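Alright, structures below, take your time with them.
Next, two complexes with chain A in common: one pairs it with chain B, the other with chain C.
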Partner chain A sequence: MNNLTLPALVSLLFFPGGLFLLAGGLVYEYIDRKLVARFQNRIGPRWFQPLADVIKLLAKEEIVPNGVHKGLFIALPVIGLASTLTAALYVPMVGFAPAFSFRGDLIVVLYLLSVMTLCLGLAGANTADRFSLVGATRTLTQLFSYEAPFLLALLGPAIVARTWQIGEINLYAQNNLWFVVMQPIGFLVALVGLMGKLELPPFDAPEAETEIVAGPLTEYSGRGLALFRIGKNVELVIGLTLVAAFYLGGIANPLDFLWKTLVLLLVTAALQSLFARLRIDQTVGLWWRAGALLALLQLVAIIVGQMIRPLIFGG
Partner chain B sequence: MEMKLDPPWQRALEQIKTWARVNSPWVIHYNSGSCNGCDIEILATLTPRYDLERFGIKLQGSPRHADVLICTGPVSLQSRDRLLRIYEQMPEPKFVVAVGSCGISGGAFQGCYNVVGSIGDVIPVDAYVPGCPPRPEAIIHGVVALLQSLQKKDAAPQSVEE
Partner chain C sequence: MDAQQIGKGKFVVPIGPQHPALKEPGHFEFTVDGEIVTGASVRLGYVHRGIEKGAENRNYTQAMYLMERVCGICSHVHATAFALGTEKLAGITAPPRAQAIRSLVGELERIHSHLLWLGVAAHEGGFDTLFMYSWRDREVVMDLLEGLTGNRVNYSVNVIGGVKVDVDDAQRDAILKGVDFLEERTHHYIKIITTDETLLGRTVGVGVMTKEQAIELGAIGPTGRASGLERDVRVDAPYAGYKDFPVRLVTDEAGDLQARFVVRMKELLESYRLIREILDHLPTGDLTVRAPRRIPAGETVSRVEAPRGELFYYIKSNGTDMPERVKIRTPSLCNWASVINLAPGYKLADMPMILSGIDPCFSCNDRLIKVNDRSVSQVWTWEDLRQHGIEYYR
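Right, the complex of A and B next:
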């Protein structure tokens, strides 16, 4: 069950890296919005909606407000998008082997995905607007709260597979019992952690439009806003791929990729429409009191299990 | 920094831009001194029953993200500066829809000591939706008519019959 490989330039510009991922992000945003709309008994957007949104934003005037560092204001969306696109090179996108891979790339991918959130926080803190500042504070607070549990949750499969390489964990997951059965707590924490990472509804306090206008992106218009939106979409695809590769028995081929990520998307869309927004202190409390503890418990269980196993099976 | 391409390509680019604009109007809603009747109707328009996401219409909190300013009520002395500020914060291209009789002429508040006048007296308005208050269908029709006028490159303001 070996995955296919691609030449480097193709993987950078077109297939898992560049254009494909941008298009994939738009498709997944559409599916997410449509699912949430159907859950809310609405008809929902048309299939080209995210594309129209992005083109419109790119064609719009970009206002650089007074009191911001101009270079940072322009560079941050680009850095955020670039880091998420880079992260895609290390995950088994659409069932192909990761374009690049080395020992410990799991940690690199997690940090590359965090750079996106960090850029969002810096973009908010960069402007003189109070709503952006509050949004930036909340974004960074939330980053610190979900990051540890999410990392712990992804460490579970890595410890069992005895490797920190995403490609190898993916292979291990394909050839063994699904991790969602072996480590149900870890799966739960990883999935909810992904929603926190993407600031999806129960955890959307950083961009709560009823309180702080649009959070850190309040002052962004046109190009910057479009790039941040694309970055979020790409992060969604990568996050779903990671969780599917780790917990849902790996991603062996494109069909595998499609149905596993879509099932995950269905679950996250249902959770999005089920729960109302948590206050930022509730989010932090949930992650540190419940999420981190559960993830730690899972980790302890794995380690104890690995110590006991040789004693029972004589391995 | 406008880049000019060869005429056929430039035309195609303009067509794509117009297509995207028509299909993704994000709105912001401002009450410049209305009695709240029109605002309730606008909120009703945005509920799942009418589901404006079908047309790509989304309510935005920040003027920086919005394309269409939906404005209700006569402009009072207090709200005049705020209305101008919100309008100026919106990035080009931007459009204004005046909803309700008061937005068109001042309505019942015409001639009041604290009223500047209609919305058209303060900022350029692209579409008027009459009614006191207009029904959600009329508001949707107003926005859609505005978008259709974009497609025809007919920037002249037009009134929409209920």
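Right, the complex of A and C next:
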């Protein structure tokens, strides 16, 4: 089964980059919030609430506090959002073939997604606010802890598929046994790693409101805050798409995309409401003691499996 | 410790007066080295309301309503303490049925307060699901209180010389049914706080206070009892209905945050037992005795066990129908020392939980403070203060 293709300009501005992702991010934010609310026995937001939030924020004055580098303060949200939107171009969004593709684009996408977190960290470190500084330290600490296991977890399917091109891995996944069955540990690490990347509970120490208000974003208001929030939402959609494409048998068509990412979202929402917040030292400990080791174990298992396979099947 | 001294040249994280972790205004400064807290200070006085002064211009009946509004969560114990003290001065005793109903409502109030605290503490630890669930279940006891007294908070049960609500059979059945449900839920919560890995990671070994420290720092209530301190006014000096319905003391030896969770949850089970016992053996008879309008001159101390610990009332009467002086010392005030002294050495992330571990109630314990500026010293008269207030808000 082959994926469809789109003209370049359309894919940049409307679909799957640009407008579509912005809207999709809001829809996924709504579903996430609603699911968590229902799990917590609350009613949750109405369907247009994320959009209303963004419109409200965009309409408000953006306050640039004293003691910040003004250029950075304004540019960081834009860079963060731009990098996540760019990452979307290499991902099989909604079951269409990636708009652009080259050998090794998996690494580029992972780093484009990390740019968002880096921007958050820098935005926090840029201001003189103490909550922001603590939040920035935590954001960057967390970045260093989940990044390696997450990368290793996405590498598993890549090694088996013998390509580092997301589109190719997606095709391989469609035509073979689901990777979630073949590499269950990798799937777990990837999903939990995604939650760490998005700073969802219980990995929300960088923005723990009862300790450091809003973490790195404490000083942001109006447009900057809106852009960061949209960026996070877009990252959520891309992250879910990546994990679904790699581990849940690839994404062949829009319907495939919808049900697979929504199932993943359901699982992450359940995980979000199950636990108390981890302290930052607990997060780091969890990732390096459990996450990284598990991911390595999975990697070794894959490599050994690759070596044994020709011997058994005579391939 | 002094806020200005510890703040010099160090990285200070301020919490409050306005901060998402605090539901009421208070100011805390934590000196941190990375994530580790090295010093802590507290400053109160943002919500002083002058209730003690206000009581001096009202007669005893009016003052009762005022006292009930000292605290929104434990309003009933305040009124009970005031009523018991005034009755002692007047030389009267409320009838047994009234005393039992005072204890009954007191225990219902303890249930609502402890469940509220469970939610707040869980929220401080980022466990919002437990927060939402415990507050949902708290609605049951709020409804019971409303059914019994007509109000969800500020029940206004006490009058001087007795109580003004009675328990009929329908209410009795409703309370028993509600208590059964809550007991089942409480067992569930005890299971969560003793087995949930992430919550254990945040509570076990955090904010440890030994029994010696608890005595030295003057910790009271569940905070002290979680450190093995066997102190409970209901047991030590039974008042109201607790003489006829004795309370079993709940303590824990661990002294950490988890022990504070466990002690409060086990106190809930004890409250359920007490409520059943009171309802089963409710004395018959009058609800009130006649109280004099003018209270004979004298002074007295009245102590009751609020959900947060010992509540202390000093009442002085000058023979008129208005109290000469009412002094209130709420339990939260006694527990601040434990927070400030326990905080150093733990992580910044633990601070909201250690803070909420004592179940602080800010506005009740707030008092007039002197602003910490050594260079200027001034004495203001009442008229000066009044003028300042008018100018300030102009």
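Note that in this section the second predicted complex is superposed on the first by the 315 of 315 C-alpha atoms of A that agree within 3 Å, B and C clash if a C-alpha of one lies under 4 Å from a C-alpha of the other, contacts with A are read in each partner's own complex, and residues count from 1 in each chain.
Note that in this section a contact is a pair of C-beta atoms (placed from the backbone, for glycine too) under 8 Å apart; a residue touches a chain by one contact, two chains touch by 3 or more.
Predicted, not measured: the structure shown is a model, and the values here were computed from it.
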item	value
First, second, both or neither for A:235, with chain B first and chain C second	neither
Partner chain in contact with A:279 - chain B first, chain C second, else both or neither	second
First, second, both or neither for A:40, with chain B first and chain C second	both
First (chain B), second (chain C), both or neither touched by A:134	second
Contacts of A:63 with chain B and chain C, given as first, second, both or neither	first
Which superposed partner A:199 touches (first chain B, second chain C, both, neither)	neither
Partner chain in contact with A:55 - chain B first, chain C second, else both or neither	first
Touched partner set for A:220, first chain B, second chain C, both or neither	first
Intersection of the chain A residues that touch chain B with those that touch chain C	40-42, 131, 209-210, 213
Footprint of chain A on chain B - complex, ascending	16-17, 19-21, 23-24, 48, 51, 53-54, 56, 60-62, 64-65, 67, 89, 91-93
Complex interface listing, chain C residues touching chain A	11-14, 19-21, 32, 34-35, 122-133, 136, 196-199, 201-202, 347-352
Chain A to chain B touching residues, read off their complex	33, 37, 40-46, 48-49, 51-53, 55-56, 59-63, 131, 209-210, 213-214, 217-222, 225
Chain C-facing residues of chain A, complex	39-42, 130-131, 134, 137, 201-202, 204-205, 208-213, 273-282
